[in-house]
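You will see two complexes here that share chain A, one where it goes with chain B and one where it goes with chain C.
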Partner chain A sequence: MSAPTVSLLLMLPALLLLASVFLYPLLRYGWLSLQASSVLTGLVPVPNGGANWGRLLDDARFWTDAGQTLRFALCSVSLELLGGLALALLLHRPLRGRGPLRALTLLPWALPTTVMALGWRWILNDPHGPINAAIRSLGGSSYGFLSTPATTWFFVVLADVWKTMPFVALLLLAGLQTIPVDLEEALRLEGASRLQILRRLTLPLLVPYLTLALLFRLAQALGVFDLIQVLTGGGPAGSTESLALYAYLNAMRFLDFGYASTVMLATFLLLLVSLGGGWLLLRRHGQGHATERAA
Partner chain B sequence: MAARPPFSSLRRQPAVVGLLAVLLLLLLSATGQKALQAVAAEPVPIRVLMPAPLADAVAGPVARFNASGSGVAVEVIRGPLDTETISDLAISSLLLGEAPFDLLLVDVSWLPKYVAAGWFVPLERWFGPEVLEAMEPGARLGNGLGEHLWRMPLTGDTGLLYWRTDLMPRPPRDTSELVAISRDLQRHGRVRWGYLWQGRQYEGLSCVMVEMLQGFGARWWDDATARTQLDSPQAVAAAAWLDGLLRDGVSPRAVANYAENDALQSFAAGEAAFLRNWPYAWREIEKGDGPVKGKVGVTAMVGAPGEQGGGTLGTWGLSLIKGSPHPEEAVAVIRWLTGPVVQRQLALEQGYAPTWSALYDDPDLQRRAPMLAVQRQALQHPQLRPPTPAYAQLSDLLARQVNGMLTGQGGPEQTMGTAQRQSLQVLRSLAGPPGSGPADP
Partner chain C sequence: MRLLVLLWSLGPLLWQLRTSLLRPEALVAPLREGNPWTLANYQLVLCGDPPFWQYLTNSTLVGLATTLLTLLLAVPCAYGLQKLRGPMRWGVGLALAAAAMFPTVLLFLALLEIARSFGLANNLLALSLPYAALSLPLAVLLLRAAFADLPGELEDAARLEGLGLGQRLRFVLLPLLGPALASTAILVFLASWNEYAIALTWISRSDLLTLPIAIARIGGGSVFTIPYGAFAAATVLGSLPLLLLVLVAQRSIVSGLTRGAVKG
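After this line comes the complex of A and B, so read on.
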């Protein structure tokens, strides 16, 4: 047997596993999106000639949710990358008690999202939450943080950043530790400032790690469900509804599995385009030499 | 790896196996008899899922039923408060098969969806047609679908119009009078707002729309064609009337964000002449010490001049879940929970409208539940929400469109046109080509 055949054979079990958990559901979504499968058909799939896709194009709610999901993902992921980078640089420096500090920053990431979202809901509760209690003790009147679209959106992003920044920091910290110390010392001897070292050495060498963090986080943020379901339920007035939540509603509340699959598949295509875009962007910025060196 | 037969180590030790067998036999013979007796005496558990307020309301009667030694132990599961949330909870259980409850308290708007999904057992085996005939006309609606009876109604609630007895001698007869009285009172500074209702983007707004569509001679749903008719001139007129209430200041702009309770609080504080709400609101107003206590009258929902108005039917009833291990006992629980004893108590303590005509004729109840006459009147011409399994979606998109109109995102004609177009798209995508769905679920 030739080498390629052997390697293919060795990869076969993994490929089969991937196909069964990724490819099969995807194909099934594709098939279901071309069917009516709802209470009107007794939950039995019946081909409906692409009516689901026609409906999707005219469904203002889908496009509103798509815009909201993209906006949420872009804002929270950029903040997480910036914050995570700062945190990683801080934790990389020789500090006293660095070990416990590193463990401590990971805490929000370790919490289950549902628990953390419930916590935030309580913090923001009107009028009993601690923030409103503080406002009232200062003589103000309590504020409905989760009943105004703008503040609700802000806190959804904040909660997401708070939870996942440690994850980004961890990835980048691992990247920082692969950068040889002598390179940095050499630059310093040449008289480079800290900012110059960061821009010319650290960031280019971190690009593969930044790419990884970006792809992971973007994929998760575009599929955001649990945080929003628990914190706001998509409200107020649908202003924080994400695509995943809309698909869930279609399946679980409306029992419309055909259209729910269509929404899921459309979300998947959106995800693919966004991830491709993010990847290309970072690749171009990272330039050949840095990626080759670190990779 | 060589396969090893199971229990191979035991096979090598017959003494141990023998000892175990003897012990097992001893245990069985000693306790078996007793265990069987215990099972026979143990009451059959029947679990009922209800929204929390109704679960609390029936807690007293349920405790008495369990103590009566009927051989059935009713366990009421307190579900979430919100109607949508409790439906989500029930559906997640039902989709997985094996629901952890035998009976479900079903809102009238869920029934077609649940029936189409095949989750209920028809009840006509236990309840003949004469049972429903002993109920008020409105209470009979929304329980049957096709040839079957799927639900026994527990409450006969409809949307009602509340008015201030201190501000006017009699309630308005139609929508024009309602606006005229409101503007007159507002002009003279007697009251800040005319009419408060539910304009938030949720099911409550759909209930308001059902009433207004009916009141303007329009139809949301045409049973014969199984299509919506939201873009008819009458339907546009109904939407335009609601839009005009905000435009002319008869209702506050904030109505676009009002649910039942927001509207009730404002009305109870004396800020308006009229309120649209369910029967429970009357108790809420009367039990406090608010400025309008004792100054509130209730009447059936009005329509446009010359049209028959009517309140939206918002009844709850019990349905039997398919796969319940004890259908006979569960039906006994339905019979008792929806019976006159419990309904009488719900009317007295919580103000829920009964379904049995006999209760409305009861002089004692008439005296102690002053709303009874109006509730009976409202049950003569109630409005059913479109009885289609697709209702949840149709309602969702109509409420979204109308709320958009109320917040200034489009005129009545455009709003209703879009709602109609989207409704037809939803129905097409739900149903597949005509005639492909099963005729009778």
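After this line comes the complex of A and C, so read on.
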């Protein structure tokens, strides 16, 4: 047997499992999205000539959720990148007890999302949670963190940032460790300030890591599900419902598999577009940096 | 600075700890008399039906099965990918990276159909099949980077000694991959321990629930009726194994993700 054949044979079992878990669902959704398959049809798929896609275009709830999902993703990912960068810079410095510090800051990321989503529900509870208790003891009145449609989404972002920032920090820490110490030393001897070193050396060299973190987090945030399902259930008044939660509800509560498949596929397409956009933006920015340094 | 960071990371967890140790009346208003501290919440959770340790056992079982299956599939795949040349190598690498980013929840409906048609629902071991698939992309990328770090002469020498492919992997290459295997295993275990959407739809029998689902079910009622004390106790019990794992394996986790980020 030739070497490439052996390679392919070794990869075959893994690739088969991957294809049936990642590829098959997408094909299946593509097919189901062209069928009526709900309680009305006795859950038997009947072709309905693209009616699901027509319904999607007119579905105000879908587009509202799309906007909300995008807002959630953009806000939480940018906060995570900023906070993660600061945290990575801190954890990179030679501090006493750095190992345990790294482990303890990583802990929120290691815990199940649902566990801490319920934890946040208690912390933000109105009126008994600790934050509201503190506000009252300062003379204010309780605030419905999770019951005010205009602002609840922000506290969902906060809970997500709390959990995922350490992960971003870790990725960026990996990047920081690849930067040679003598480069930084040389810049310092030339009299560059810490901010200048950050701008001229550290950030440009971190661009690949920032890109990786951005794309990965954006994809995950656009598919946000468990945090929202447990923290707010999509409420109040649907103001925090995400696309993934809407797809889930269509399948498991409204038992409309055809439309649920359509929503999931549409979410996936939206995700591809956003990721492509983010990537192009970063690449142009990165090239700008490169030319700046060359000049 | 350090203190601020610790407060941000651990504050919410410490508050859960405090909540779990308070009597329900003391949660709502400071008690005028009597001792507000109690272990009753833990008693409630541990003696529930099914008892809480059942969920820990379930999650551990799924986690171990998933880790084992993932490594069994990922090691040969990573080795094959590392040996492969040309556009196939590039294509498979890209597909793996894309799969690693894919939000799991979008897969649940089709996977649920598969589970129903093959009778895989309510089976903890079967759950490790999709879980292994979800973890495979990252595991293969990490292990391929580790294979790439090994000196090529080593395997050539072993080949000249007449060792077959299986022997080379088993006796020469894998022993050198120890740290990479360990950090990959930990990341896979964590991912499986925390997975939600698939476990939510595949498992309905209450004695088979994994930890995240069991805990979310506690909060299934309305916002006002959640037994926060008991729930906080469950959180603390569920977090302890992870706290230990992260403290013990911090270096391994960091180096694993680092390697993945550098090479991926």
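The rule is short, and it goes like this: the second predicted complex is superposed on the first by the 263 of 295 C-alpha atoms of A that agree within 3 Å, B and C clash if a C-alpha of one lies under 4 Å from a C-alpha of the other, contacts with A are read in each partner's own complex, and residues count from 1 in each chain.
The working rule: a contact is a pair of C-beta atoms (placed from the backbone, for glycine too) under 8 Å apart; a residue touches a chain by one contact, two chains touch by 3 or more.
Since the structure is predicted, the reported quantities are computational estimates derived from the model, not experimental observations.
Of the two partner chains placed around the shared chain by superposition, neither chain B nor chain C is touched by A:80.
Contact with chain C, but none with chain B, is seen for A:114 once the two complexes are overlaid on the shared chain.
Of the two partner chains, neither chain B nor chain C is touched by A:65. Legend: residue contacts after superposition of the two complexes on their common chain; A:241 is shown touching neither chain B nor chain C. In the superposition on chain A, A:160 contacts neither chain B nor chain C.
Set against each other, chain B and chain C differ in how many residues of chain A they touch, and the higher count belongs to C. Residue contacts after overlaying the shared chain place A:55 against chain B, while chain C stays out of touching range. Once chain A of one complex is fitted onto chain A of the other, the partner contacts of A:252 extend to both chain B and chain C. Contact with chain B, but none with chain C, is seen for A:47 once the two complexes are overlaid on the shared chain. Contacts of chain A with chain B, set against its contacts with chain C after fitting on chain A, overlap at residues 252.
By the touch criterion stated above, chain A contacts chain C in their complex at residues 3-4, 6-11, 13-15, 17-18, 20-22, 24-25, 28-29, 87, 90, 95, 97, 99-108, 110-123, 125, 128, 130, 146, 162, 166, 170-171, 173-175, 177-178, 209, 212, 215-216, 219-220, 222-226, 229-230, 244, 247-248, 251-252, 257, 260-261, 264, 267-268, 271, 275. In the complex of the two chains, the chain B residues touching chain A come out as 84, 87-88, 91-92, 95, 112-113, 116-118, 200-201, 257, 388-390, 392-393, 396-397, 400, 403, 421-422, 425-433, 436-438, 441.
Of all the residues in chain A, the ones that touch chain B in their complex are 35-36, 38-44, 46-49, 51-52, 54-55, 58-59, 61, 237-238, 252-256, 258-259.
Within the complex formed with chain A, the chain C residues making contact are 1-2, 5-6, 8-10, 12-13, 15-16, 19, 27-28, 73-74, 76-77, 79-81, 83-85, 88, 92, 95-96, 99-111, 113-114, 129-130, 132-134, 136-137, 140, 165, 190, 193-194, 196-197, 201, 211-213, 215-216, 218-219, 223, 226, 228, 231-232, 235, 238-239, 242-243, 245-247, 250-251, 253-254, 257-259, 261-262, 264.
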